[in-house]
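In what follows, subunit A forms one complex with subunit B and a second complex with subunit C.
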Partner chain A sequence: MKARIVVGAHYGLRDWLAQRVTAVVMLVYTLVIMAAIMGGAVSSHAAWRGFMAHGLIRILTFLFILSLSYHAWIGIRDIWMDYIKPTGIRITMHVLTLLALIGCAGWAIQIIWRL
Partner chain B sequence: MKTSRNMLFKIYRYDPDKDAKPYMQEISIEIESTDRKLLDAMVKLKAKDDSISFRRSCREGVCGSDALNINGKNGLACLTDMVSFPDGKPIVLRPLPGLPVIRDLIVDMTQFFKQYHSIKPYLVNNDPLPERERLQSPEDREELNGLYECILCACCSTACPSFWWNPDKFVGPAGLLAAYRFIADTRDQATNERLDNLEDPYRLFRCHSIMNCVDVCPKGLNPTKAIGKIKDMMVSRAV
Partner chain C sequence: MPELTKPRPKFLALHEIRLPLPGFVSILHRVSGAGLFLMIPLLIWVLELSLGTDPGSTANFKALTGNPLVKLILFGLCWAYLHHFCAGVRFLLLDLHIGIDKQPSRTSATAVLVVSLGLTGLTALKFMGVF
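Up next, the complex of A and B:
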């Protein structure tokens, strides 16, 4: 049987848009953190703890972690899509990537909320 | 002014009937000031060694036959000035990267044209044919500038890593430029179907806007911009 190429998954736009939006969130967070460091707000360990425990920063950090995870998921999935051709291995890599990212995100959120 | 100079060429040679694997042939010829373009030099090369194979036709950048990888960058031999090559450095000619080689500098473009055909490169309009042509306002026609000029030489698509990895699934810059040419056409009535046809993680979204296509296009076109406009249209229809 001749192998036919099947395309037309009818998704991709949402991921492409999400990659842009999450990039903006991460940029904003990076600027906030850089401003805090430049402004001398986090000169000691205690200051860092106080800064990170601040309500607004907690929310921003939470959004940053979610954005980073989603952004990384799309990026790494794109790499698997380019280089891993057999469907079975690819789906395994997708699942492992998802599990690793969700695990890391959960751990990071625990760390922020423990502060 | 020096009227002639001796130039060394390194040419990719591969004849699947004779050669076990490809090799680079070194051959030097005298280039006169009348040999203005690389294609002129290649015709001379072929006169010296008539087993060298390449495609050519119009010799003026319209047919898109003589696309090659010239010193590592895709381009048309007939539009590349000989004076742009410095003295003493060999000119390295290879076939377009990423496509199967038929012989020497001739590649099999089947995959490239399959992708081009997949975007339905023709006007879809179900209205009854008007008495004369279907009219457009000058502003609407303006939108097609920079899109319709593509000569399908494949310089762009074969410079695109996404096309190298997925030539069977990713439409490629040339195909997507043509797709936008019909999406942007106010006389076309299949805009939604065209966008549906492209909404796929492979067909359109393998493009990561690295702009290799823009860098090599011998006609100075901008597929990345056209792809961006397709994405914009998808966003505005989805949100």
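Up next, the complex of A and C:
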């Protein structure tokens, strides 16, 4: 048997798996939020604040924000990799995407933690 | 080299190629994901205003979500989220080798389109206070 020469950046499987794990985290969070909305969590401003300030929900929201950031990073990076051929522009878009996602994650976490 | 029994097409006749339904769901998954990414700042802003306690944020929340254009964008994002969600569940099942044959995968692609549009309608009705 001929030895296979493995090439590439070696992050493919990790990102493939991360995309799916973060998706499942967000799936669970979405079902929790949908159930809460049906259960009256948005019936009043006080109810909504109380719900989002609850310790467990706060942690779940934190996990959701981190999952979303990682998930979006992989997805958007793949879009740049598929359609932008000039390396300089592509790398610039990668960096801007990362900065935007990290900035938004910080903003969102700060909103939740201020409650 | 053996003769080809059928001449191969030299060019892709793009106007004659129709994307099959699963392909349509797939590209919408990408489009909805990109749209959601671009609108993350708007969504965080709405979240921030919805949780604010000062009268300014309450007034801003009402003004922002009451704007017909913003409302349209939010319902559009609602569809994007639900489509991305349903198509994502379908992809996870395909990863587990569930429904990978031609007919089941077509049926599930149709289901993704129908269910995500239906849930968008229900969410819109909920937030307009119908139930």
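One rule holds in what follows: the second predicted complex is superposed on the first by the 106 of 115 C-alpha atoms of A that agree within 3 Å, B and C clash if a C-alpha of one lies under 4 Å from a C-alpha of the other, contacts with A are read in each partner's own complex, and residues count from 1 in each chain.
Throughout what follows, a contact is a pair of C-beta atoms (placed from the backbone, for glycine too) under 8 Å apart; a residue touches a chain by one contact, two chains touch by 3 or more.
Note that the coordinates shown come from a computational prediction; the quantities given were computed from them, not determined experimentally.
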Partner chain(s) touched by A:M81 [first = subunit B, second = subunit C, both, neither]
first
Look at A:W48 in the shared chain and tell me whether it touches subunit B only, subunit C only, both, or neither; answer first, second, both or neither.
second
May I ask you to decide whether A:C104 touches subunit B, subunit C, both, or neither, giving the answer as first, second, both or neither?
second
Who contacts more of subunit A, subunit B or subunit C?
C
Look at A:G8 in the shared chain and tell me whether it touches subunit B only, subunit C only, both, or neither; answer first, second, both or neither.
first
Shared subunit A surface residues [contacts with subunit B and with subunit C]:
none
Subunit C residues within the subunit A interface of the complex:
30, 33-34, 36-37, 40-41, 44, 47-48, 50-51, 53, 58, 85, 88-89, 92, 95, 126
Subunit C partner contacts - residues on subunit A that touch it in the complex
20, 23-24, 27, 30, 37, 45, 48-49, 52, 72, 75-76, 79, 100-101, 104, 107-108, 111, 115
Touch list for subunit A against partner subunit B, complex:
5, 7-17, 78, 81-83
Of subunit B, residues touching subunit A in the complex:
162, 165-166, 168-169, 196-197, 199-206, 208, 231, 234-235, 238
